[in-house]
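The first chain written gets the first letter, and so on, giving A, B and C; residue counts start at 1 in each chain.
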Amino acid sequence: MADHRFYSRMGPFTLGELANLINADLNNVEISGRTVTDVGPLNTASQEELSFLDNPKYISEFKNTDAGACIVSPKYASKAPARTALLISKDPYKAYALAARVFYPVIQPEPDISHSASVGKDVTIDKSSRIEAGAVIGDGAIIGKHCLISANVVIGASVKIGNHVVIRSNSTLSHCIIGDYAHIYPGVQIGQDGFGFHPDIEGHIKVPQLGRVIIGDNVEIGANSTIDRGSGPDTIIGNGCWIDNLVQIAHNVELGRGCVIAAQAGVSGSSKIGDFVFVAGQVGIVGHLSVGTGARIAGQSGVIKDVPPGAIMGGTPAVPIKDWHRQSIAMSRLIHKDKRINE
Amino acid sequence: MADHRFYSRMGPFTLGELANLINADLNNVEISGRTVTDVGPLNTASQEELSFLDNPKYISEFKNTDAGACIVSPKYASKAPARTALLISKDPYKAYALAARVFYPVIQPEPDISHSASVGKDVTIDKSSRIEAGAVIGDGAIIGKHCLISANVVIGASVKIGNHVVIRSNSTLSHCIIGDYAHIYPGVQIGQDGFGFHPDIEGHIKVPQLGRVIIGDNVEIGANSTIDRGSGPDTIIGNGCWIDNLVQIAHNVELGRGCVIAAQAGVSGSSKIGDFVFVAGQVGIVGHLSVGTGARIAGQSGVIKDVPPGAIMGGTPAVPIKDWHRQSIAMSRLIHKDKRINE
Amino acid sequence: MADHRFYSRMGPFTLGELANLINADLNNVEISGRTVTDVGPLNTASQEELSFLDNPKYISEFKNTDAGACIVSPKYASKAPARTALLISKDPYKAYALAARVFYPVIQPEPDISHSASVGKDVTIDKSSRIEAGAVIGDGAIIGKHCLISANVVIGASVKIGNHVVIRSNSTLSHCIIGDYAHIYPGVQIGQDGFGFHPDIEGHIKVPQLGRVIIGDNVEIGANSTIDRGSGPDTIIGNGCWIDNLVQIAHNVELGRGCVIAAQAGVSGSSKIGDFVFVAGQVGIVGHLSVGTGARIAGQSGVIKDVPPGAIMGGTPAVPIKDWHRQSIAMSRLIHKDKRINE
């Protein structure tokens, strides 16, 4: 059960209502009037709560769950304990996401401009938006409808923010244009100068960074990530990209639609990433490359060449993932041969 | 000598007092009344200062030190210059830590609530605590005794903070409960949504993140680190954990007691780390794993399988450290063979 | 063309003036009176704009550019379209940097102390400097001439900042001394305690961190980077160092002059880095090492031994770069042999 100090819950809802809302099949229509009051993990959900099984790693928790109802794929339905009602879905994680959003819908911020916020000249803030304590909004900034600018956020001059945007505390935005429904987590730094200089023994010479950061709609940018503005071209984050914490996006990088960049990964300057590319944690992609649509890069890989669309890559330097697995096997064989020789 | 602009010093203390306080043996009891006024590094400490030798890499600095006194293990005592009094300890680094804390004890914050702090409704702040300028405390937050909430910190609604907690500037805390004597460094982001979504070509679907972050007693969390709240279960940092800078702890991760996580390491979602696990810098641990008590992971390793208790692992994918060393040797042999063939 | 909402431009300038200022040769003196109004990338610059070609990867964009003028090396001059005037330079990127700085010179901050800034006791702020909204300046701090302390920056007690220093929002500085012309990007944390403790099963014992951070002149420190103060010795960043985003510099590290540290790299405690060392992204350097002047470390490498001056290293553990390339080749050969055996 979610801690009521931090979360306010809707409901209860009947299993019938939920099955409808999440597009699942209830395993027993006779109980469609039974209610559940919350969602919860398999190992702690009570008879009044709804849980889910997605990752088969947790199947033993599923077998022993006390949850009153559970979202599950047809494949694992037979493993359920008898006391648990089943909401059967081909896509249990998606169905759970929708159910959890029924209990915990997104709450629109209450309109307000805190008296301790600092608002510059010629700023436009829609009257439905909320500016919290200590936030600083630069001259000429434009903030759309139903936005939440959290405490101590700093928004630079002329920044333009769309509608339904949430910006969490201690983030700084400058030289950028943000689409609708973007969610910027705390501590994110967007729009600062990229790492552009001419190396010189008499002192590196800074190259003025004259571009912007353009962030599309429905983008999430994780805590303490950094997105440098373009040097002349723009840095572009496409619609629907999800970026995790502590990620570095350098100047002039372009991400297509729906990319997923996991924590602590970095994309170097001017690389172009296609649509729906998945980049795992701690990956590094060097500059001036092209990574094709639908490519996937395994964790900690170092990408130093263009990646074709749909390729799955691993290792440093990154190679097709099957070759990377072969490398590990070859390596293991090699050292075991050495061990036998030593014996 | 520590810069008096930044540090205020106690003392002087006699060598006899110090030997007592740090549980060391003075090499010459006749000088137990001699005083030292400060601690300092081997290569800069003066005749009035106390230094220490811990890492044998610095033995030549030890031989040439001008320090008036030095903490050293019995093993290296004979290498000391004659002018240097010795405080002999089996554990010189620990003894130095205790001595330095005698000269530079932890200073309790002076109670105050800055007039430029923003304090929400129904907030409880113990009268012994200090809230600095620009800090923002959300509704219903509870702050214990002798806490320091530094300038421009943001604390979300209902967050509960124990006693003797220090939170440094530009950190953001939400959806969390913090134990006693925790030290949160600047720029730390705790309690934001984890990276939970259902990937979908029509737009990734966010999964509401409904858990908390629970941080135990005596925990240190380094600058600009990020700790996401649980998705339903909590993210848990056990008592006595030390986390360095720029570390990523994903949702639902559990760290046992006394874990040490070095800079730029990352632990992915739902992994369970036992007690006293040491994770070196830039390590990545993938999600849904178990790392046993007392395990150690070498720098930059990528852990993709469960790690048994006490194991020492290295490489990507991580293998037992001896095998990792064998891999390096095999690799070196292989390329030298290639070189000979080329010649 | 740079977005006029974010950038204010000087000019126009004649090609003759520019050739002079950037030390380039105009390919046709008869057009030295022709003006350009801005700088821009090859693929978007108009007939009224100046572009540049530096990286030969972009030569096809150069051949097709509409730019009115272009800075180019003698080598590629013949590839230019006829309509484009050429400013020929042996060092086109440097020349472009200088030209861009003519159009977009550094703007001195307008002197001001925001009424919502908090300034402690005995603070010295030169009257030419600017302190923005929500900034907090601790007791005894000293801020030189023409500095910009941006919104919500926190500067600790007794910190000393030179002239022409820019500190971006949501950064925290304590226990440090900053030289002239330093540029601290947003979210940077400088001067917090290093990761110094004695590991102990009964609770790790904190070692008081009693040093400072000393930052030289003309240093750039990228967004969300962290620089811990020394434990007793100081942490030192030499003149002219360029540090990218999300970089970790541990306690007691010393960087020489002109070092370049790319994003997400980390240098562990007490390592000494010589002058003009280039460290690529996501590199890790372990503690207590020495890296010689002019050394270069390839991306994601793990340096675990001293590096001689001028060496170029790659891999984990890092080896001379040629050996690292040989490792990749040997590995590739090995798995192809395995593949043939399987066939």
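One rule holds for everything that comes next: a contact is a pair of C-beta atoms (placed from the backbone, for glycine too) under 8 Å apart; a residue touches a chain by one contact, two chains touch by 3 or more.
Since the model is a prediction, treat every value here as computed from it, not as a measurement.
A.B. asks: Quick one: compare the interface residues of chain A with those of chain B and tell me same or different, with half as the dividing line.
C.D. replies: Different residues, largely: of all residue numbers at this interface, under half are found in both copies.
A.B. asks: Compute the rotation angle for the C-alpha superposition of chain B onto chain C, expressed as a multiple of 5 degrees.
C.D. replies: 120
A.B. asks: Hey, how far is the Cα centre of chain A from the one of chain B, in Å?
C.D. replies: The separation of the two C-alpha centroids amounts to 27 Å.
A.B. asks: Going by the contact rule already set, what residues in chain A reach two or more other chains?
C.D. replies: 116, 134, 152, 170, 187, 224, 246, 264, 282, 300, 316, 331, 334, in rising order.
A.B. asks: Can you tell me which positions in chain C touch chain B when the two form their complex?
C.D. replies: Of all residues in chain C, those touching chain B are 116, 118, 134, 136, 140, 152, 154, 157-158, 170-172, 174-175, 187, 189, 192-193, 195, 197-201, 203-208, 210-212, 224-226, 228, 232-233, 246, 248, 250, 264, 266, 268, 282, 284, 286, 288, 300, 302, 304, 316-317, 319, 323, 326-327, 329-331, 334.
A.B. asks: Okay, in this complex, where on chain A does chain B touch?
C.D. replies: My answer: residues 2-3, 5-7, 39-41, 43-44, 55, 57, 91, 93-94, 96-98, 100-101, 103-104, 114, 116, 132-134, 150-152, 168-170, 185-187, 218, 220, 222-224, 240, 242, 244-246, 258, 260, 262-264, 276, 278, 281-282, 299-300, 316, 328, 331-332, 334-335, 338-339.
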